[in-house]
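Structures follow.
The two complexes that follow have chain A in common; it is paired with chain B in the first and with chain C in the second.
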Partner chain A sequence: MEEKVLEILEEYCEEALDYTGENMMEEGVIDSFTVINIVSELEDVFDIEVDAKYVVAENFRNKEAIIDLVKRLLDE
Partner chain B sequence: MQLLSSGFVILWVICFALYYLVPEKWQWMVLAVASCLFYVIGTGGFPAGLLLTGAGAYACGIYLKRSLLSQGQALASCADKEKKKTVKQGFERRRKRVQILYFVFSLGILLFTKYITVMPLGVSFYTLTAIGYVVDVGREQCEAQDNFLKFLLYLAYFPAITQGPFHRYGKLQGEFERPHVFDYERMLFGVQRFVWGAFKKLVIADRINLFVGNVFGGGGDAVPGSIYAVAVVLYMLQLYADFSGYMDMALGVSETFDIILPENFKRPYFSRSVAEFWRRWHVTLGMWFKDYVMFSFVMSSPGRKIGKNAKKRWPKLGKYATGIIGTMLVWLMTGAWHGRTVSYLLWGVYYGVIMCVSLVLEQQYVRWRERLHIKEGKFYALFCMARTWVIVFLADVLIRSESLSQAGEIYRSLLMDFRLREGIFGVTSYGLSKYGFLLLFAACLLWFAVSVLEEQGKDVRRVLAARPMLVRWGCYYGVVLLLIITGIYGGSYDTAAFLYQSF
Partner chain C sequence: MKKDFERVVVIGYGKATGEILKYTADRQADYGYRLEFIEHELHALSITGQICEERGIPFSSLPDKRKLGAYLGEIEEKTLIVSASNNYLFPASLVERENITIINFHNALLPDYPGRNAPSWAIYQGETQTGITWHYVTAGVDEGNIIIQKTCEIGSDMKAYELAERLMELAYEAFSECFDAVLSERAEAKPQAFSSNRRMYRSTEVPGGGFFSLKETPEKIYRLLRSVDYGKTGVFPPLQTEVDGERAEILRYRKIAPEKKKDEADMLYLPLADGSLLKIKYSSRK
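And now, the complex of A and B:
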């Protein structure tokens, strides 16, 4: 699962893979357009539905947070 | 009541003294009373719009909280997964209906007061803040407030109510709830920030207005394109100095109460792209639109449907469809929020189109740069900054012009009637003398130096605090003296009217 998420990140935002900080969205590493594309791809690949309430800076602060989000949604 | 008025300073001082004198559990009440006084004195009447919007959001929050509790209990008693899903969807549907009802209600009040009657103080700010609260409670990002007075304080906190910044309930409520102990350095920093904001407003923004006001409102005389060019560049600085000056004052006042408000400006004119510019300019409004409009639309059933259909139809470009619609929606709303004229809508469309085109072509730009062997260095960064300035310049012509026809006339003059020589010799005949320009230049230089330090991650107040006493106080007195001697006070121009207040 993690590998697939990283592959998606590599396709849409390579910088996110090297990012080690705590707020990708506020620091401009990942813009809202890219977030939308990543979410759409995650939904298709993992057959999950990402509600708007999950699309917040906290869940996209770095690649680990995105992986955690997918894990949580898969467990739901 | 304006932030730059003796009445406000008196209110601030009394509130400050009481705030640290009363027991910590009552501190929020002092702020609530001060906010109430600020609003009632400021509007000179009964705050009907604020109370209606606030009461609606409060009631909606309580309903959502109870619904979430009931949902939890109902789900706990369900064993079957499918049944759980059905129960959850039922609750969610009802909550969504109540939220939509509230959005219609509060936006109705906003539109009615903004476009039909006299606009109440801070109506745009408290309406969007209240809507944000209702969405956050529904998304379980914060718990609803049970105390109506505490909720009203959140909505009408006096340093922020007129122009923001937009705060999130989850964060600001935590600030109000925690105990606050007097701290001399914090008080000093807060006052310094307030004075710095006043400096930007009175010495820079209001001085620029003397020139810009004359150029744009000058009547029938044909103004050379070169004068318009100077006026638009100065207007870009005026808007920034005015609005960020207000923010410095609001954040400074709040800092003296140990309440930290979010930053609204991050030196936008250092941006290398328009997208970056809008991540640094009016940050909290941008975040509001992104979180509550764009993502809500994209993740909604119609948004998903559009996205899926577009992907099927155009496999390569379809993935951009929802993002493009979401971006355009946000920018149309941003334009409408800023003003009620066609110029503002065009301004919104202009930025929306630029954002969409640049995002769709982002990969292409990288390829072109590689083909042209352009390396990312200092010169390229400067070029990108200049490009951002030009894009903002063209947009600001639209919103500063008195009418669309004047905007058209300015674009024409810039391209076909520049008259550089006339501009150079005539620049001082538009309300700002040679010495006025020199003073403005010196003040902007100081502002630029502070911005460069901030851009390097330094807090100028801390840098100064670490200097020897003579240097430190020399700087403090220097700025205060400059403010007193060179600030634009009185006369025909209303010094206290902040530009963004009208939005």
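And now, the complex of A and C:
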């Protein structure tokens, strides 16, 4: 699963792979339009629904947070 | 230092607003105006607050229309209000004041597609080109004189959020080109040429009425799906269709190569003219 998430990030936001901080959005690594693309890809690849309540900066603060989000949604 | 407008107020959200805030902050030293930002619509992924904090720009959050109107109504200095991506309609009492000049970014080539969600309507109508307009604000919605316009292509697979992003980039480019002329009141604004069948698009309207029939061409369905696609931002309610006599809500869609077709529950595959398939995931509503 993690590998697939990282592949998606590589396609839409390669910088996110090397980012080690705590807020990719505020630091300009990722923007809201890229988040839309990533969410769309995650839904398709993992056949999950990412509800709007999860599409917040906290869940996209770094690659680990995105992986955690997918894990939670797969466990639901 | 050139000094005419004493105050510049930026209202909006999103990428264009962020860039405009940075630009107007950088130009303060040239003109000596006081800059401030007003957030009227709240967005989960907005970073305008962060930009204000970093650059020391006074920031107010005024989601209530009446409070925003009252706040703006108290402005006494000569002020330029920059309405970036903003859906607040300025009242005539404010627009007509001598000390207030308001410019607005509209995400279409006015006089075409006035009103709300213009990128969606342009995609839905099958336009191959659209653009942005900066115009002076008058009491009528999107009716003011045009300051500057820029055009862009609408790609055949472009979704509403992708077009919106491109238009925001153009909005910033155009703003930086016309800012000096606006501030020095030298902008050559042109009146709009309205047609007799001018249609105003309202916030409650959804392309296709929010529904499609599977009897429609896959191309038309794909256009509709792309036209309402703003990710999870909830600009429009989910589209609906009817599958085997049951109402179904569209969850997501994607254009895929035929060899990627899989037998999956609640999935439609419609053949597009270019040989690809339109894959549509739905949930039945019983």
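Note that the second predicted complex is superposed on the first by the 76 of 76 C-alpha atoms of A that agree within 3 Å, B and C clash if a C-alpha of one lies under 4 Å from a C-alpha of the other, contacts with A are read in each partner's own complex, and residues count from 1 in each chain.
Throughout what follows, contacts are C-beta pairs under 8 Å (C-beta built on N, C-alpha and C of every residue); 3 or more make two chains touch, one makes a residue touch a chain.
Model, not experiment: these values are computed from the prediction.
Three-chain overlay on chain A, with chain B and chain C in a clash.
Of the two partner chains, both chain B and chain C are touched by A:Phe33.
In the superposed model, A:Val55 lies in contact with both chain B and chain C. Applying the stated contact rule after C-alpha superposition, one finds that A:Asp68 touches neither chain B nor chain C.
In the superposed pair of complexes, A:Glu10 makes contact with neither chain B nor chain C. Set against each other, chain B and chain C differ in how many residues of chain A they touch, and the higher count belongs to C. In the three-chain model built by superposing on chain A, chain C overlaps with chain B at stretch 315-323, while the rest of 135-143, 171-179, 189-197 or 315-323 show no clash. For the contact definition in use here, the residues of chain A common to its chain B contact set and its chain C contact set are 26, 31-33, 35-36, 39-40, 50-52, 55-56.
Put simply, chain A touches chain B in their complex at residues 26, 28, 31-33, 35-37, 39-40, 50-53, 55-56.
The touching residues of chain B, counted against chain A in their complex, run 138-141, 275-276, 279, 290-291, 294-296, 298-300, 307, 319-320, 322-323, 326-327, 359.
The residues of chain C lying in touch with chain A in their complex are 14-15, 43-47, 50, 161-162, 164-165, 230-234, 251-252, 254, 264. Listing the residues of chain A that touch chain C in their complex gives 25-26, 31-33, 35-36, 39-40, 43-44, 47, 49-52, 55-57, 60.
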